[in-house]
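Have a look at these structures, which come just after this line.
Look for chain A in each of the two complexes below; its partner is chain B in the first and chain C in the second.
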Partner chain A sequence: MSTLNWGERELAYDVSGFVSGKGHFVDDIKLPGMLHMTVLRSPYARARIVSLKGGMSSKDLKARMASVGEGASSEAGLSIEPVFATEFVNYVGEPVAAVFAEDRYKSADLLESIEVDYEPMKPVVTIDDALSMGPIHLGRKNNIMAETIKGADFKDPDSPIVIEDTLENERISANPIEPRGIVASFSEGMLNVWISTQAVHSIKEGLVESLRNSELLIHVMQTDTGGGFGSKGGLYPEYVIAAFASMKFGKPVKWIETRREHLSSTHPGRGMRGKVKLFAEKDGKITGLRGEVMIDAGAYDSGIASFSPGFVAMQMTGPYFIESAQVRGKALFTNKVPQGPYRGAGRPEASFLIERMVDMLADELKMDPADLRLMNMSEKPFTSPMGLKIDGARPFFESAVKELGYMTEVKNSKGVGLSFFVLVPAVYPGESARIIIRDGRVRVWLGGNSHGQGHEVFVKKLVNEELGVPERLVTLYRGDTGMTKTGVGSWGSRSAIVGGAAIVAVCRKIKEDVVKIHGRYSTESLLSGSYDEFINNELKMPLNSFGANLATVEIGKMGNVRIKKCVAFYDVGRALNPDMVIGQIQGGMAQGIGQTLHEGLFYNDEGQLITSSISDAGVPLAEDLPNFTVKIAENRSSLPHGAKGLGESPTIGVPTALIRAIEKASGKRLRRTPVTPEELIS
Partner chain B sequence: MHPSSFEYFAPTKMEEALDLLSKYKGDAKIMAGGQSLIPLLKLRIASFPYVIDISGLNGMRGISEEGEYLEIGALATISDIEENEMVRERYTILHEAAVQIADPLIRNRGTIGGNLSHGDPSNDMPSVAIALKAKMEVIGKEGVRLIEGDSFITDSFTNSMNEGEILRRVLVPAARGSTGGCYIKQKKSAGDFSVAAVAVQLSLNENESIRSAGIGLTSVAPKPLRAIRAERFLEGKKISDSVVKEAAKIVVSESDPSTDFYGTSEFKKKVLERITEEAINVSFERALVG
Partner chain C sequence: MGTMKIKTTINGKKVEAEVEPRKLLVHFLREDLNLTGTHVGCDTSNCGACTVLVNGKAVKSCTMLAVQANGKEIVTIEGLSKNDELGPLQKAFLEKHGLQCGYCTSGMILTSFWLLKKNRNPSEEEIRKGLSGNLCRCTGYQSIVESVKYGAELMKEKEEEREVAVR
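So, the complex of A and B:
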């Protein structure tokens, strides 16, 4: 195992050219005759549409969304969102109608030409409302969207210590710098789509399914994508409307989301409440875990919303050796925008539940939290009762305590928090890649699409390693369904793992092609020839990895938190490019801090979004962030290129370490994110 | 994010601006730096058929001490105030408020006149004007008149100017003798509006008792507040821990914060009490040396 401290080296930055203004984003596309679309959205969380006049609406396009992309669910069925609201609206921001004009100003003016009469109804806003009030959807008995049980039932252990608590994560918006956007252009019988996305194939599949047109000739091209964090992994109503409108009018149609629309209508993440009961011996040995996870799933099933309860439940033993555990999960309908994946997508929620409980147990037993954690770990691989498979955890975390400088920090400061976690990357079902060699250059496409992470860096490196081609001759193109037959997407800490494995596999195929022709492989014979290979590289094995974080804080007299140290120690497998690894971790740490201290989507009793500006929704600012310390452990994975997951690790590990540090510094028991100054001084 | 259409005027003379204003009346809106108005137009929260941009009017950006007043042109930007040496040394409270408004980009365009007139209860300059006992010089077709700082904003987004009037200058009583002030703003994050903020300006007698006190409050009522009972309580007293604590309690009793996204009413009162104590202490120390 080797570690690397950043600070000793200069970091690469702006590999994609976005920062220096070289990006070409969807809003940069201007086509002749292009129409600008503006969407009329529901002003009510729940209402019946009494009448609707003007604009394009469900009278023109009566269609339902398709469940594609991250967490896609084949069981979404009746609870899937309509493209345009039909008889009822079920969240503030739900598309009701759309208008089109030659410029955005006129398009926005046209909104006033639409007349809608609503009959407002009492909305189901919170998880408690969902449990106590009648169903929001006709034909359902209650507000349960999905229900699951993980782990076998067990008899309560006869242990002297039992602690129980309820913990919550507020919903948070992804808030990438570039909001969503699409240009759809139907001409000569072909629908061309340019889009800001993490997954062109999800968009293609979703449009075909939602428009119920399996004969549709469709070509989806990714534009440079300025962030996504999960929110751009799937299909949205606006995409279907733009595609439909382009086909109807025979003109290109552009839709660019405003920030307000992003906050009201792009699927936010988190939104979880969990009840956990831990059983333990007096020496700290955890003997059982019972839990209940409830997801604030919003008005319709986005796929991930009904997948979340089981996914959170499955991970709830974390890196600990807990032999008796059972967790019930529910996804609940509320009159809010459908919940979606946000960096971590169930992983931070699970970790929040177990890590908060372990800290509380440490307090109950008056034990050091690090000691308590280590004593509940196994040296050997372990499969939890809920099906989480992990390697022997203890050796890694013993070294983590040292690498994070935990003992020194505890001696010097009151506000110290430590967290341990397992990262479960979305390996399944693998990824596709294509390489074309022509004119002495290597052109590469991946099925899952970089949205600001800089995938080109690992692609160039792996092509160089496999084929001996200098990196400057290698280009990774944006996602393009015309260039890859199939593909999955970029999310769930998977790209370096599955994208990387696909690159290695397709390179090896090409190598074989060269050998077939020339008898032996050489870079020269490769580059002087012409080759074209595509691979759909299936991967199914779990590639779980470990990580740990430490945070130290001080609390000001107004309850403001000053983060002094924020340290990470993650096993990233082989770091394909340490600079990029560090960059990913720093960005994720900022988001972890955001969740803990700043970010939340808040609704009032009427289901109106209160946090309708980016400053209210609370992205962390430069002054809120400390200097990060990032340490990496490189234990190669079983894949040929040795990569493990990484992208979501900081959003899992930082909130739990940070909230513990705040808890210690303030002396207040903390049960939810975001933590407010008010809680700390009340 | 795209406003409804409006007609835009950019007069270069005050007369022209007043003519336009009397012609279009309630359909017209004065724009100075545009830092509050443009977002409202963009989000279509407000729309006006006529926008009169007065940023090109001459002679309204100066900051100078003239006789008994510090005169600040209504078009002086927040950055102008922030960077003015004399303001920083002699009217510290103004400097402190300026540097805490939004971010540098907004401060470069936003004006003190706009900040005062807009009437957002979270705007900082109205409570500073109250603490400094400033007067607003407004001009209309009928002539010029002065409005006291504490009666300039009458309610949320409502000021006491008549239709057809424009704020031309802010007149701050010149700093004489032992005087000092301070602006403390508690906010969630940089650039945000405040949870609560307090402006305190104290003048001392020779025996270090308080000759006059000005206390203005931001974000704790539907409009900027003058904590007049606390001012009267302080006047004539010498500063001690118990006096400061009592004054802060009186300030809190005069406030009326609502429970909202920034916190509960109780939390805001707690914050207000703490920052008021600190603001009185700092102002007193500054007055001793000022």
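So, the complex of A and C:
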């Protein structure tokens, strides 16, 4: 299908097209003269490039990656990823060169025309390697990419109970079923980009900065985006290469990622080790928390690598009222692909640390884990020692214990786990929206871009509520930098909150315009006129969504875990569409189970990626998963449309409840994800 | 590289084409015939996004060469709706929210179609097992299972209608 023929219908989000094969994904694009790009990648985790002949490489494009999107780094330095590897390669899968041909088969054939000599070096593969070995980058003293402290220092409380432990989350690949991809087409002085993304404005900003061309006329358009889960929020080297190549050759260039490339070269999430010390009174009151968070950040400061340790540290007291807490965080260089955001992006890691420790404290005190949690809750809002504003949590969690059926389960099951959390969504800095009214129709664009969440559903509803226009006359179009001047992106459980607030704000602006002309507002006068309003709706206020999960399991003789129940009770604010809310939660629960039981990216001592397929990476199958029970509470937020965040709730709450259930059923203390059958029967 | 001539039926239409022997069926469908509803999601035949029907049976079109389609009948997602009217499983997936991002959907529907041809009343367990060659990362599968169950009902109703019409 040629994009040249994409009209209004083809540019709108439209779920109904997917059931008959009428999507508009980036790999569906065909343009005259289009070249297919194939990337030659480093086969070594760490090596010096002795010589390189053939293909397009750093000899043609010596550029560095811009840091844009979720958790973007503000510090430029030695550790920014080059677009093409220059003197050294620092992870398996790092782009070294690229080739171009008129079809994908010929393009792949051309890889053989490139000759590279490497001199392999000893790689830094694990967090321990990073701490004990010399720096991977010349000009650095050690392997510390970023370091931070959250919370004020305090004197150890004089409490009789002190427990301490080390906990870990393996790295996970986001693995949307559609891999990444881009088509770049430079013609008549304009660079047109079609891309599978969560944030067209991050791509635009990133390309301009990486190509060091502030005069560049660039138009970035989102194609239908087949999942992202964080991995498609930012910029990657292949995008810069494709844009550069299109400008150089004067032809459209397409690059579509293979799954193997996704596993080796798309920023994975998690990759965290934390040490936590908890101080408590005999009655269960937690008096202090000390922690240390270490992030396996990968070879360069891309993705959220340097942002991660502070973000995890910030949230380590969870929803609990703990008077004193201090957490140190470090992001460490390893010879692996840079770490990035994956559904939760630090929130699940923080929750894993505090919830595991609270369960251990319950065992130590022989207290019921629900009672222990409730007694450390506050009735009133408070600010945590790390500076997070937490709403009064206790009433919600008291009702959660009942809603989840916890008391009945404890009586009936030996393998039961419970978890509590607070989701703090990425509200800052708000979002943009534009509405054009013409020909009796309402056309809408959002700065942040749907990649499967169905933003069009809440947009239609809110436009209907604000302006009285029937939903069938409202269309939301895919992300397009030609239609919104600025914009942020879709991540951090934010879109219904900030996108929704932007829609309400822009609708109200238009309403004022109608009143100015007609003296009063009516839907008829709106639809008979022409209006065009854009708003960059800034939002800074902190929001909380509380949630709780319950899981019950049985363990088979071979250490296989059978999940009997997986229940969620989440405060979602006002559910703009309950079916979509429940669908989001179910999908996230599957990913939470994936992290706990199946998923990981594994490297050997040489830094070679040994996870070689989407199945190896552990993406769960239908038969791996139970039916989920999802219950929602609708306590409106302070925003006009009442929304709260929910997309990341299940990846925060499910792993902690499930690992506890497995711990209780197996009698083994569990400290890391994924849990393997071997450790349950050893 | 030389080409080979193949004759095949795709969505009821006879197709004759010259193809490179190394070309995968999925690329032939997508690139030569513009049937872009069939997707590629992995390189290892795990994800099932490329599933089509070959002589009535669900096959991953990334595991088959285009030349192996010679003399065979292929149905892709585009072939399940007649004159823009959605088939029962397509309707069921929409109504029961059996999709979010839409990328795995074509493969899911074609595998489910084959599953229901073999077993008109599958249990939940049979559906989950039957879909084990198709990965979805968005839904957690629960709504897909419900879509297949509902699709089975709609298919039966349709058959009953047809029987009544014949009588």
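Going forward, the second predicted complex is superposed on the first by the 660 of 682 C-alpha atoms of A that agree within 3 Å, B and C clash if a C-alpha of one lies under 4 Å from a C-alpha of the other, contacts with A are read in each partner's own complex, and residues count from 1 in each chain.
Keep this in mind: contacts are C-beta pairs under 8 Å (C-beta built on N, C-alpha and C of every residue); 3 or more make two chains touch, one makes a residue touch a chain.
All figures in this text were calculated on a predicted structure; none of them were measured in a lab.
Following the overlay on chain A, a side-by-side fit with no clash is recorded for the pair chain B and chain C. After overlaying the two complexes on the shared chain, residue contacts for A:H598 are found with chain B alone; chain C is out of touch.
With both structures placed on the common chain, the touch criterion links A:Q453 to chain C but leaves chain B unconnected.
When the shared chain is aligned, no partner comes close enough to touch A:G54: not chain B, not chain C. In the superposed model, A:E178 lies in contact with chain C only, and not with chain B.
In the overlay built on the shared chain, the residue A:L621 is in contact with chain B and with chain C.
Within the superposed three-chain model, A:P43 lies out of touch with both chain B and chain C [touch as defined at top].
Of the two partner chains, chain C is the only one touched by A:T225; chain B is not.
By the document's definition of touching, of the two partners only chain B reaches A:E678; chain C does not.
Shared-chain residue A:R260: touches chain B and chain C both. Taking chain A as the reference, the larger set of touched residues comes from C, when chain B and chain C are compared.
Taking the two complexes aligned on chain A, the least Cα distance separating chain B from chain C is 5 Å. Counting contacts as defined above, chain A residues 104-105, 258-260, 615, 621, 623 meet chain B in one complex and chain C in the other. Residues 1, 15-23, 25, 27-28, 30, 103-105, 175-179, 224-227, 229, 256, 258-260, 451-454, 579-580, 583-584, 586-591, 612-615, 619, 621-623, 625, 627-628 of chain A touch chain C in their complex.
Across the complex, chain C meets chain A through its residues 20, 22-23, 27, 30-31, 34-44, 46-47, 49, 76-78, 80-81, 86, 90-91, 93-94, 97, 99-106, 109, 124-125, 127-129, 131-132, 134-145. Looking at the complex, you find that chain A touches chain B at residues 104-105, 107-109, 258-260, 557-558, 598, 602, 610-611, 615-616, 618, 620-621, 623-624, 676-678, 681-682. The residues of chain B lying in touch with chain A in their complex are 1-5, 43-44, 186, 188-192, 195, 260-261, 263-264, 266-267, 270-271, 274-275.
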